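Shared between the two complexes below is chain A, which pairs with chain B and chain C, respectively.
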Partner chain A sequence: MPVDKKLVEKISKLSRLNIDESKINDFVSNFEEILNYIDLLEQVPDNSNQNEEDLISDYATRDDSIIEKLSNDEVLMNAKNKDGKFFAVKKVIDEE
Partner chain B sequence: MYKTIEDINKGYKKKDFKPSELVSEYLSEIKLKDQKLNSYTEVFEDLVFSHAQNLDKEIDSDNSILDSNILFGIPIALKDIFLVKDLICTSGSKMLENYVSNYDSKVYESLKITSCLLLGKNNMDEFAMGSSTETSYHGPTLNPWDLNRVPGGSSGGSASAVAAGLACASIGTDTGGSIRQPASFCGIVGLKPSYGRVSRFGMIAFSSSLDQAGPLCRTVKDSAILLDSISGYDSKDSTCLNLPPTNCYTELCKNDFNLKDFTIGIPSKLLDIGLDREIKTNFDSLIKELISNGVKVVDIELPNAKYSVATYYIIAPCEASSNLSRFDGVRYGHSTDYKNVKDLEEFYIKNRSEGFGDEVKRRIMLGNYALSSGYYDAYYLKANKVKEMIVSDFNSAFNNVDCILSPTCPELPFNLGEKKNDPLKMYLSDILTIPANLAQLPSISIPLSLSKNNLPIGLQITGKKLDENTLLKVANGLENLIGFSATPKG
Partner chain C sequence: MKYETVIGLEVHAQLKTNTKLFSTSNNEFGDEPNSNVSVVDLGLPGVLPVLNTEAVRLAIIAGLNTKCKINKKSTFARKHYFYPDLPKGYQISQYDEPIASNGLLVVNVDGNEKKIRINRIHMEEDAGKLIHDLSDEYSLVDLNRAGVPLIEIVTEPDISTSEEAVEYLKKLRKILVFAGVSDCDMEKGNFRCDANISIRPVGQKELGVKTEIKNVNSFRYVQKAIEYEITRQANVLDKGDKIIQETRLFNAGTNKTYSMRSKEDAHDYRYFPDPDLKPLIIEDEELERISSDLNQSYEEKLSSYISLGLSSDDVEILLSESILFSFFDKSLELINEPKLISNWIITELIKYKSDIKLDANNFVELLKMVKAGSINNNSAKEVLSKIVVSNESPEKIVKDMGLTQESSEDFLISIIDEVIEANPSEYERINNGEEKLLAFFVGQTMKLTKGKGNPQIINKILKEKFNLS
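And then the complex of A and B:
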């Protein structure tokens, strides 16, 4: 896929980010340069049949039990928009 | 104020000074120098002074605590990426400029038990993404050796503060060199432990499979003391290894080793990348000196290490794009009034676009691109395969050597602004530090020498996974051989 303004805008939308119009061209040229560099990996022969499960570490797990918890007030203390005991956001479900 | 942990402990024992007197001195130094350096994001003046006064009384009533606990009363700082309950933690970002932690990071919890003194929080690249501390929302930190140059990054505030004598030590984090490169640029010691040695709980995540906390300090012994106190199992980090804390300081103090006991590997081909001439000359002289002292030095091959930067700049942004998706302005972080936006999507976009700086946006977008439909195999999966090849290169090399030596950085500390608009150039400066992160190895930077322009040059020593003991013995041996004692004017 060519690296152009359209691609950068698509990726910024996926990332829930807005890039200032004045900076878009810089983002396009930096993106192009970085992706060209990363393509260096195409030179590495891929002889392995490893799949994702082989490569991603098997992390430790523990029982799903409650060990300690923050109070409701503590959980809400850094939220700018709150309503009583809840985080507040714009309504996401339309009324019928 | 260029005191080591050991110096301060001795000073307390001899009653040369009390914790409150020492803290006052550090606070005056910070006032004097930090307006220019900008190495701290916040200094806890009142809090640390009253803590120190309490420790004065404890020592007066029973000073045996100083024998059993060498960190007692040691004034340190933390990179502003570690949560400390009730204090602001910004991670160098506008996104978290008002964020108050409601619990302690494991690293701080471990340090708190020792009764060390927390002077403040150090500046850093935004969300630890950078190699110069120029991406911080708090403005750039300067290098005390030359105020026109960067201190390195992302733990640049930690390195600058320790180098300038504004803290005895600091704890930083290293994802692709973020402890070792600033330690090198500022002429101090910086240790990245093996992945999994130190809990990441309460440390704001950048790239979870690579991030690791470690000390920036004045000597190898000090790095051992701090590693011993922050390492160990923590059930709250699923990647933290189920191992007891290290015991490196006691091992070092036995003094029962000699550099000749170890075989040192040099990755000559990797060093053909175009090292700065002065760095190459200084590194080569050290190798000659080692050989003439009877140390066994052998050439090693790391054939895939040249792909490290490309591998890293796929894996780290992919993980960052996922980790930083939590910053949507709902539960915490920069947030607009939700009543003034059209819908939830606009709310997210507005919060994230206003809260993140350009480098963070670039990396989130790179990650989302590499993980987007149809690209996963070509990028993330391929990068993880190459990562395994790099691990296997190191495993082969470590069949014949105990440690691997190289300069820490291919270049001297660069000028402020020199690379700010050229991200790829900035990324390539991490070529010598990234391999240890990908292979999860412990790696340390110690000062090697000064350039003709009085800029520090760092020496990197990388060890076998989980063998911090051998790594620190070799580093201590080299430190004694090199005898670096210069301090910056700034």
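And then the complex of A and C:
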């Protein structure tokens, strides 16, 4: 995948990150490096004879019973702003 | 120009589980804000989602009941967007490998059968709730709903009219309620619909540009929203303008749809397989076990009720809520009076459906007393209102409240004699043929028995006394 300035700008926008104009080129090479690592992984030979379904058969699932929940105080413990039992966030009107 | 309409529907139904899709917090509507939230729902660092097996079972049941193929392998994906209702920054959903696909639902509109194909059913977690009008300064966030398990049921664009859309939704809702998959309570938002609508000149093959109407939560609004949108799009095309592909919102006050300005790139969700969750494999044995546990289909249940002599209107009501038909089934095992049971469920018990502690045994005891005439209808309603929340024995309540109906003929004859003695002139008039005075005598007798006399028996005795037919 070719990484260019435009792609970095798009991803920073989607991620709500402000990347300084002067740093963008650094990110271009960073992104490229990361993607190259992934490509490298793809080249690792797969010596297992097991098919994918066997490999993932031990799925960690849980029964539908209530085990744990937090108190309202605990839930809001790290909130920057709160209002009564709610988190309070900057007014948003647009959906999604 | 003449156009034809092409509609596809996406329904979100909330699964009837005790806990959330990937966390152990309670899946309960209407609790205190932020009281059903766990570290997983908060998206705290280092936590891992663990899949709820019951949610998977219910999604499979939904698939089987809509003739879908259940996919042996399905995967969970991250759908990214930034919004305060979603602390993780992404929603866990299924994307290219859903749990079920290629289903079918047949609906009837004005006597015509219409086949609507289901493209897919996928599982996903719900987002939290934002409240904008409680504070001037802030939007308030309640995360109780965040992580609640949903299935999204997506049709092919096979729907051609607003009526077909509504019939499809009604039928789907009945099927899901009956199968125990979801309560589909639209007021609580656990059955929500998005409609994709486009029009094209009659005869044209390619689909027109579609608009999506989001989160319509009543059948009537779905119909109105679709009808408005069809007219709006036709007007745009007639003027020679182009339809803009966009998301629109329905306003129930004006019956119109409005463009929901969405920011550029807002729909770049950057889906990718969630590395915290391995692909889900449904083993053949498991699928077989779930299939063999399946109850009757909705249609089979419907005809079995009709064959008991119930009217189709009554059956529709019974089948609209699981608490109603399960109560009916349990009661029918105890007393073979389908009509009596059905009448009392759909006229009386239904009033209390959100808060029923009563069990079928005590309900049937009450019906037996009504049938035997040992208590009149009005008293029985009063007793029901008490036992429905306490599940006490109706006999005890009847005794405590002194409501037992007096059906002893000897006793009633003695009361009637008292009434006649106290009203000699009316007695003479009725004997001279003034038959309408019968009601007066019934009323006086009821009064002396303090409302506990059995009116049918009083009537019978009086008619015999006055030689009325």
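As a convention for this text, the second predicted complex is superposed on the first by the 64 of 96 C-alpha atoms of A that agree within 3 Å, B and C clash if a C-alpha of one lies under 4 Å from a C-alpha of the other, contacts with A are read in each partner's own complex, and residues count from 1 in each chain.
Keep this in mind: a residue touches a chain if its C-beta (ideal position, glycine included) is under 8 Å from a C-beta of that chain, and two chains touch if they have at least 3 such contacts.
Please read all numbers here as calculations on a predicted model, not as lab measurements.
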I'd like to know which partner A:F86 touches here: chain B for first, chain C for second, both or neither.
second
Per the overlay, which chain contacts more chain A residues, chain B or chain C?
B
Kindly classify A:V28 by the partners it touches after superposition: chain B alone (first), chain C alone (second), both, or neither?
neither
I'd like to know which partner A:S48 touches here: chain B for first, chain C for second, both or neither.
first
Would you sort A:N72 into first (chain B), second (chain C), both or neither based on which partner it touches?
second
Figure out whether A:N18 sits in contact with chain B (first) or chain C (second), or with both, or with neither.
first
Which of the two partners, first being chain B and second being chain C, lies in contact with A:T61: first, second, both, or neither?
both
Chain A residues contacted in one complex by chain B, in the other by chain C:
14-16, 52, 56-57, 59-62, 70, 75, 81, 87-90, 92
Quick one: in the complex, what on chain B touches chain A?
98-100, 102-103, 209, 235, 238-240, 242, 304, 307, 309-311, 313-314, 321, 325, 328-333, 335, 337-339, 341-345, 347-350, 352-353, 356, 358, 361-362, 364-366, 368-369, 372, 379, 381-389, 421, 423-424, 427
Complex interface listing, chain C residues touching chain A:
17-19, 24-26, 32-39, 42, 50-56, 72-73, 80-84, 130-132, 134-135, 137-143, 214, 249, 260-263, 265-266, 268, 270, 278-281, 283
Chain B partner contacts - residues on chain A that touch it in the complex:
7-8, 11-12, 14-19, 23, 26-27, 30-31, 33-35, 37-41, 44, 46, 48, 50-52, 55-57, 59-62, 70, 74-75, 77-81, 87-90, 92
Residue numbers of chain A touching chain C in their complex, please.
10, 13-16, 52-53, 56-57, 59-70, 72, 75-76, 81, 83-96
